[in-house]
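Shared between the two complexes below is chain A, which pairs with chain B and chain C, respectively.
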Partner chain A sequence: MTAASPLNAGRQALAAEGFTPPGPELFNLPPIFGGSLLFAKPALLLVVGAVLVFGFFYATSRKMAMVPSKAQYAGEQAYSFVRNGIARDVIGSRDFMKFVPLLLAMFSFILINNLFGVVPFIQFPSFSRASFAYGLAALVWILYNGVGIWKHGLFGYLKHQTIPAGVNGPILILIVPLEFASNILVRPVTLSLRLFANMFAGHILLVLFTLGGEYLLLEAGNVAYAPVGVLALLLAVAISFLEILVQVLQAYVFTLLTAMYVQGALAEEH
Partner chain B sequence: MSDPRKPQPPSDPWVAFGYLVGGAAFYGGLGWLLDRVFETSFLLPVGIFFGIGLAMWLVFRLYLNA
Partner chain C sequence: MEGSLNMVGYGLAAIGPGVGIGLIFAAYINGVARQPEARNTLQTIAILGFALAEALAIIGIALAFVL
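Up next, the complex of A and B:
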């Protein structure tokens, strides 16, 4: 709070009046077991999310029947959404089956971890910690580059990713480094930042409206503020629904882009 | 959904963003390095603008042909 940034100055001015708006320190949670900062609430949520995803698909596919039960139907809907709606539509019917398990696991895992952001008493989207999003993007980066090298060979793949169709001559010297930076270096960054920033901003927004509403209603000591506090709390509920939309959308977008990168690496030509 | 339709070339609009960031970062970085070598200070902005210009050329080319 010592840095003289406009943000901190504003927050200090507000703090002087008794209310400290939430900031990035929201995301520094204490360790759960022992003293290791590595295992705090976000890491626990990742583990819980993975167990829930496994449990869901195990429970819904354990007793498969020709006439599906409700649970089996739900599991099959989720599966066919990713299989047909993402993998087959984007990667194409020849190669897509190899990638369905990964894409389905990825979509379900991101979705459940994002939804943790609005589940009462959990209320923390795991991927608002940037490092987790970087980890997922690194996985995607290894996947699509690996697939491309497997398909075209190392030099064939580099040529495939750095030389756009229909560009010839000396301008290629200028274009190739740009294509390399764009397709190999920037992609994982945008992929992870999109997921992380959406979850981060959404969580701060929800905390701000909830704490602000609570403060105006109960702690400000001025009856005239109370209706505004109620309004802020109602808005927090409304924003929660907006957040659910964002959370589902970001899980979908992350999976869709993964499929697009794989498709781009596999394609014969751009 | 039964036909295996192929996505049109720039199916991912973030390609444009990647070009712009990549262009500014690569040619800006090149300009910065040359600034260090020649002990000047104008090559960094020149590199950034050049990179963005090149990136915009690529973006327009990609999306106008599609």
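Up next, the complex of A and C:
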């Protein structure tokens, strides 16, 4: 993401007064091994997240019993939330089982990576790096288009996605490009940007309130600012809770939209 | 005064999706209050509408940084 020059000018003007508000450069973290930028903290967090998801479901499903233990119950709750609450409700009871593993993995993976944003000492939501969100959205794009082509054939699928039921006549000249752009081109963009922008904005907001509160309290050199600093730090705590809500909601929305796109591609001709 | 007008523009642009999301959830709450058993169906539709309205705000924030 390129920072526009007016942004930098504004930041420098503020920096002259002693406080530098956090900006997009916050997300450029140093590499962990050697000089390769490919493997920095966000990539490490992705790997840790994947391992944690695998570990959670492996540990909770290893000793399955008719009377579930607490751990098995937790795993089953997570599974049935995605299976019944997302996959079956959206995709429909005929085809949904094929997509449950992907949706469950996707939901848990995004959720845990988002929650890293409020875990002390980690405090970085990995999807605030846009490229990771692009990767996930590309996966979803290939999935729903692939499923649609597999079900309807290439031309059948294009017709299915671009011509709404019951529309004919000259209006098609207007409708077809619009539907094509909306259903094929824009979907992956909004899907990835929604996840990325929410994490990005949330992280900046948290850092701003924490750093600003600390600055007003300790470094501003004016006792009158101290109460405002305390207020800002308290607000940072409140915003952390709001962020937890947003992080869970975004994981849910991403999975739900994936299921909806698959359902849209699979739907029968009307 | 120094700073970026982009940010003011983004603030203005976020009013639209804000109103839209408010309307969507108002309708959702109304619907559930009138017919509690329709909650599951309505929830999916409400979240879909929320996601679509939010897309406008997301396009806005992307443009605020890019332009």
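Simple rule for what comes next: the second predicted complex is superposed on the first by the 260 of 270 C-alpha atoms of A that agree within 3 Å, B and C clash if a C-alpha of one lies under 4 Å from a C-alpha of the other, contacts with A are read in each partner's own complex, and residues count from 1 in each chain.
Keep in mind that, in the parts below, a residue touches a chain if its C-beta (ideal position, glycine included) is under 8 Å from a C-beta of that chain, and two chains touch if they have at least 3 such contacts.
The shown structure was predicted, so the numbers you read here are calculated from the model rather than taken from an experiment.
Touch criterion met: A:92 reaches chain B, while chain C stays clear of it. Once the two complexes are overlaid on the shared chain, A:197 sits against chain C while remaining clear of chain B.
When the two structures are aligned on the shared chain, A:60 is found in touch with neither chain B nor chain C.
Contacts of A:257 after superposition on the shared chain: both chain B and chain C are touched.
Contacts of A:240 after superposition: neither chain B nor chain C is touched. In the superposition on chain A, contact is made by A:185 with chain B only, not with chain C. Judged by the touch definition given at the top, the superposed model places A:114 against neither chain B nor chain C. In the superposed pair of complexes, A:164 makes contact with chain B only, with no contact to chain C. Of the two partner chains placed by superposition, A:126 touches none, neither chain B nor chain C.
The residues of chain A shared by its contacts with chain B and with chain C are 89-90, 186, 190, 257, 260. Those residues of chain A that touch chain B in the complex are listed here as 84-85, 88-90, 92-94, 164, 174-175, 177-183, 185-187, 189-190, 257, 260, 263, 270. For chain B in complex with chain A, the residues that touch the partner chain are 1, 4-7, 9, 11-12, 14-15, 17-19, 21-23, 25-27, 51, 54-55, 58, 61-62. Looking at the complex, you find that chain C touches chain A at residues 2-7, 40, 44, 47-48, 50-51, 54-55, 58-59, 61-62, 65-67.
For chain A in complex with chain C, the residues that touch the partner chain are 1-4, 6-7, 9-10, 13, 24, 89-90, 186, 190, 193-194, 197, 201, 252-253, 256-257, 260.
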